[in-house]
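The data blocks that follow each hold one structure.
Across the two complexes that follow, subunit A remains constant while its partner is subunit B and subsequently subunit C.
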Partner chain A sequence: MKFKIQRDELLNALQQIIGAVEKRQTMPALSNVLIKATSDSLSLTSTDLEIELVTHLKMMIDEPGEITVPARKLLDICKALPADSDVNISIKGEKALVQSGRSRFSLVTLPAADFPSLDEINVGSEFELPQKTLKDIIDKTSFAMAQQDVRYYLNGLMLEISAKILRAVATDGHRLAYCEKETDCELSDIKQVIVPRKGVLELVRLLDNTEEKIKVILGSNHLRVELDNIRFTSKLIDGRFPDYNRVIPDDGQCIMTADREILRQALVRASILSNEKYRGIRLILEDNLVKLQAQNPDQEEADVEIEVNYKGESLEIGFNVNYMIEALNVTDSSMVQAAFRDSNSSCLLTFPELKDCKYVVMPMRL
Partner chain B sequence: MSPNPQHWSRAIALIDMNAFFASVDQRDFPFLLGQPVGITNGMRGSCIITCSYEARAFGVHTGMRLREAYQLCPNLVQRPARPKVYARVSTHIMKAIHNICPDIEVFSVDEAFIDITPSQRLYGSPEKAAQLLKTAVYETSGLLCSVGLSGDKTTAKYAAKLNKPDGFTVIPPWESRERLRYVPVTELCGIAEGMGGFLAGYGVRNCGDMEKLPISILAKRFGNLGRRIWYMCQGEDPDPLHIDVAAPKSIGHGKVMPPNTRSREVVLTYLQHMCCKVGARLRKHELEARTFWVGLHTKFGWTGEKIRLPLMSNDSRKIFQHGKRAIEFHWKGEGVHQIQVTALDPQPVAMQLDMFASNPEQQLQEKMLHKAMDSINQRYGEFTLSPARLLNRSDMPNVIAPAWKPEGHRQTI
Partner chain C sequence: MNNMIYSWQKQQWDQLLHMQQAKRLPHALLLYGPQGTGKRVFARSLAGSLLCQQTVEDGSACGQCSQCRLVAAGTHPDLSVLVPTPPKDSRSKKPVLHIRIDAIRELGSKLATTSQMQGYRVAIIETADRLVMQAANALLKRLEEPGADTLIILVTSNPHRLPITARSRCQSIRFNSPGKAEALAWLGSQGIKKAELALNLAHGAPLVAARYEDEYLQNRELLSNALLAATRGESSLSYAQKLTGLPKDGGLAWLLDWTGDLVRLKHGEQGEGLVNEDFRESLQKLAKKADVTRIFAFYDLVCRTIRQEGIALNPQLLWENLLISWDNL
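Right, the complex of A and B next:
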């Protein structure tokens, strides 16, 4: 194998796929990147056995071949080379030689045959949609995914595809984020999959806010997304996602509307003196007024009042302030509506300008 | 410097009960007076928890194996520990101290720091206030204590150690630095071998050497603790009294098992025993936890795991169910001699509600059941009502932990 490539091009390609390379792993091959050179293209592959990232570059190859080399070291070398230099990569014996100008590196290799590949994916259904639709739906929901929950099916993002609708739901049991988008995919039946947390975070890194179409392929155990020059594949979580419709409340009796940014800033201010560990904050609703109260173990207190639209009985309810702030952070819509039932029931956050998103936050007893 | 010998800018006393458990026993059983007494955990305990000064004269000390103690002191009188009595006596003493000077940090079951600064004018001088405390301890309990008085916690503790038993040592704050100058750093409370070795590497053996060492070296290696130690060695320990019992970081119970236990039933009985204790204690303090450490100590070391429950809980039965699964997975039948169950990061009950929790009626039922069981056990004694398996539980008595406190979650035996 032998080829010459621009440093920036190689760096960009490596940065796109480096996320799948775990910093520590048990199989040596997993810390490597698979380089495949055919006569007119180069592909780089990384995997952690759960997700796989492959990037393709169209270019002239001097001598085809395939090999694996340590991914992070190759990336660090590229980073440290001058911006518009050329890089020559070739194999000599059991080493890979990387040469640019008068800098030469020789890296340990492992045979390409040792590089693990994900199981064959059997295509169930496939459809196309604009990149920004998928990016937007993930951005608006993924923050609510659980982390290392024993309820393993919560450690990911639920994607549901039915005729013309793509829906994403994430929850950790304390809060839930729901978002749906119209698409032109023609699926006859409803498909529901759970994409693992890490896959979701890697996928969103690859997506841009453009109308450019991407192809989504759903296998029985895999989700694959094909972008222009990169292919993302993730295994799916084999589990049943909880019935989200059951926990999204109807509008309660107490409906408050407020300026989203003013409410968000008030929450941020009050949160400074909330308990650092539990992040509890007391929200008191009165006539056209919301009082936010926070207290920490040092008995320091914050009291913040803002004007809102609210008519009805006064209500006192506690929340983890982070859950509220995170839900208000995902959109730039100007108003927010919060619907409450009582101090032991969940709160439903919606945005009049953003009909397709709903956020549910469970209260805290303070 | 022209210090006012009457009023100190800071005055801290340490009261250290002399051979506390043994002294309580000698007080309650006059035939033990003048005898070398060694306290063990029940009559089956094989380790000296503490011993009277008569026994110490023979070289017997805390932590020594009973067999070894008998070799040094053939007339040693072994007495079973009475943790409930010690806890009661300690509570009385702490209350009496609190009545004189309210700012008290209960350091352990037989030691307390008292901040005399605010009350020194009331009693005339720090020495007079400290003397009053010593008298109050004797009048309340009939027991002797050693008192150390100085301007900071570390020097006060060092002072109390100088003169035992029944001592009264005063190191005025303006003398602390000189008095500590030739004291090896490892003599101070909180500087163990590891830290001592680090300091020796920099040529700091005695407290007086510390002033040559820049504080940043200690700060870089040990953080705030390092900074504190730098001040400590110069007689200026800045540590305030910790008057409130800090919220628990964990709540756990462990027990030593008969050596080389291999029976699954015995191990499970001990496991359930500990799970019930942890559950009951969590419930008593209205706490719950999601992560529990369940471990068995074998000759190969600790085996076990941190188990995570689906939801926060203080239900002994659920802790046991998950713990049992962990033990069955990790334990291959090798001889066990100790067990531990610990709730990690406990939080106030039902603080954050979960949308997928079991239905409210079931939750309420479980809560009522626990409440009934806990009140029966509180009134008629631990494990009056218990799972059937615990009828075969260990009859080894409960042990009072050194970190026992008269209030809060540490008030447990």
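Right, the complex of A and C next:
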């Protein structure tokens, strides 16, 4: 294998895929990057056995071939080389030679066949959508994913595609985030997958707020997203996601509307004196008024009142304040609507300007 | 290495192959039987066969396809192998090896995700009796209900040390030592000298016998010199210090064999099936003057000492204690 590439181009490509390089390095091969050179293109692959990132570059190759070299070392070398310089990479015996100007490096290699790369996946369904739609739907839900829960199927984001609608749902058992978007996908049946937490966080890093179309493939074992020059593949969680429709309440009688930013700031203020571990806060609804009360173990108290739009019986209910704040954080809508039934039932947060997302927060006994 | 089985494992192999062809392979297997009968090799071969894309006629892995390459390189994403490890920040030279809960949790989260290569997911837990209690408990859920196309293989030569809850969730497959003729033929093909003696010393387990090289036989001579000191009119005590250098799996286990031989000789002129056949005459001399009750008491003492192996005792004192008792048989 032998080729010449611009330093900036190589650096850029390496930085795109470095996220999947295993940091703990349980297997030596996983700290390597797979370099594949065919006659007119170059591809770099990294994996941690859960997600795989492949980037493609169209370029002239002097001599095709494939090899794996230590990813971080190659990246560090590229970073340290002067901008606008050219890099020559070739194989000599068991070593890979990296040469630029008068600097020469020789890196240890491992054979490409030992690298667990993934080429074909079983295609279940396939659709296209603008990048920003996928980014938006993930941004609006991924914060509610569970972290290392024994209910392993909660440690990820559920994506569901049915005729023309893409849904994302995440929950950790205390709160739930739901978001749906229209797509032009023509699917007759419903297809549901759970993408592991790590895959979701890595995927969102790759996405931009552009209208550019990307291809999403839901396989039986994988989710694959094909961007312009980078291909992302993640394993799925092998389990059944809880039925989210039964969790979202639809019978909230007491409906409060408030300015989202004012409510958020009030919650942040009150949260300062809530219990640091349980983050409990008491919400008291009265006519056109919400009182927020927090108390910590040192008997310090916070009392915050704001004006809202509310008509009905007065109601007292407790919440984990972080769950409320996080749900209010993800949108930039000006108003928020909260629907309560009683002080023992979960609360549904919706945004009048955004029809597509809903948040459910379970109450807390204080 | 990943696609061979030993000739004496054919029956078990065919049994599993049959199950697999009938799509009735269990989700958890417990391979058990005496040490040195090739259970771990069998487990790897079985895993290799399940992951291989084009198995050959007898169901074993081809060793050529991309999956087999990954298995051989130890990078196959759907194969996990757990072995006992020392504690994380242990500085001890001989740390106690266990399979710890972190490893089991990691395995659990790996098995919770779909297979990378879209085929079987296989986990091999070697020396499964070294699972710490918490780890075994953490494994139970996965062991009971792994996802589709998953096989968890536990390998152990001490199945009774596994918690019953773990054992009962697996289908057990027993591995026996092969017959003497078969074992000798295999040892011969491996170029083992003194195969018969080695097999005797290994209680018929061929893979243990295959390890008995020159160094081993030197160690054994050291032990025999010590134990037979009395027949030469010396005291065995002076050998205690040298004996502390004996390997862990030797030493006490061999001493047990010697004691067993004495019992055999006591119970009949012929003394059938001596382990240390080559020292028959000297053993007979020792047996003549020894007292049966004391031999059994000594046997118990050795067993107790073996059980205390994990405890840091002064090895020289330990051997002195044993040798004094031996001389007084």
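To be clear about the criterion, the second predicted complex is superposed on the first by the 357 of 366 C-alpha atoms of A that agree within 3 Å, B and C clash if a C-alpha of one lies under 4 Å from a C-alpha of the other, contacts with A are read in each partner's own complex, and residues count from 1 in each chain.
Everything that follows uses one rule, which is that contacts are C-beta pairs under 8 Å (C-beta built on N, C-alpha and C of every residue); 3 or more make two chains touch, one makes a residue touch a chain.
Keep in mind that this is a model prediction, so the values were computed, not measured.
Visitor: Should subunit B and subunit C be called a clash or a fit once both complexes are overlaid on subunit A?
Guide: clash
Visitor: Pick one for A:141: touches subunit B only (first), subunit C only (second), both, or neither.
Guide: The answer is neither, since A:141 touches no partner chain.
Visitor: So, A:68: does it touch subunit B (first), subunit C (second), both, or neither?
Guide: In the superposition, A:68 touches no partner, neither subunit B nor subunit C.
Visitor: Given the touch rule stated above, what does A:297 touch, subunit B (first), subunit C (second), both, or neither?
Guide: After superposing on A, A:297 lies in contact with subunit B but is clear of subunit C.
Visitor: Report for A:171: first if it touches subunit B alone, second if subunit C alone, otherwise both or neither.
Guide: A:171 sits against subunit B, while subunit C stays out of touch.
Visitor: Hey, is it subunit B or subunit C that touches more of subunit A?
Guide: For subunit A, the partner with the higher number of touched residues is C.
Visitor: Classify the contacts of A:220 with the two partner chains as first (subunit B alone), second (subunit C alone), both, or neither.
Guide: second
Visitor: Should A:45 be classified as contacting the first partner (subunit B), the second (subunit C), both, or neither?
Guide: neither
Visitor: Scan A:280 for contacts with subunit B and subunit C and give back first, second, both or neither.
Guide: first
Visitor: Examine A:271 and indicate which partner it touches, taking first as subunit B and second as subunit C; both and neither are also allowed.
Guide: In the superposition, A:271 touches no partner, neither subunit B nor subunit C.
Visitor: Stretches 134-142, 188-196, 296-304 or 314-322 of subunit C: which one clashes with subunit B?
Guide: Among 134-142, 188-196, 296-304 or 314-322, only one stretch of subunit C overlaps subunit B, namely 134-142.
Visitor: Subunit A residues touched by both subunit B and subunit C?
Guide: Common interface on subunit A, subunit B vs subunit C: nothing in common.
Visitor: What residues on subunit A touch subunit B, complex-wise?
Guide: Against subunit B, subunit A makes touches at 150-151, 171, 173-174, 176, 242, 247, 278, 280, 297, 320, 344, 346, 360, 362-366.
Visitor: Contact residues on subunit B for subunit A in the complex?
Guide: 247, 308-311, 347, 350-357
Visitor: Contact residues on subunit C for subunit A in the complex?
Guide: 66, 69-70, 73-77, 108-118, 147-148
Visitor: Under the stated contact criterion, what part of subunit A meets subunit C in this complex?
Guide: Residues in contact with subunit C: 27, 29-30, 47, 49-50, 110-111, 113-116, 118, 121-122, 152-153, 155, 196, 219-222, 235-239.
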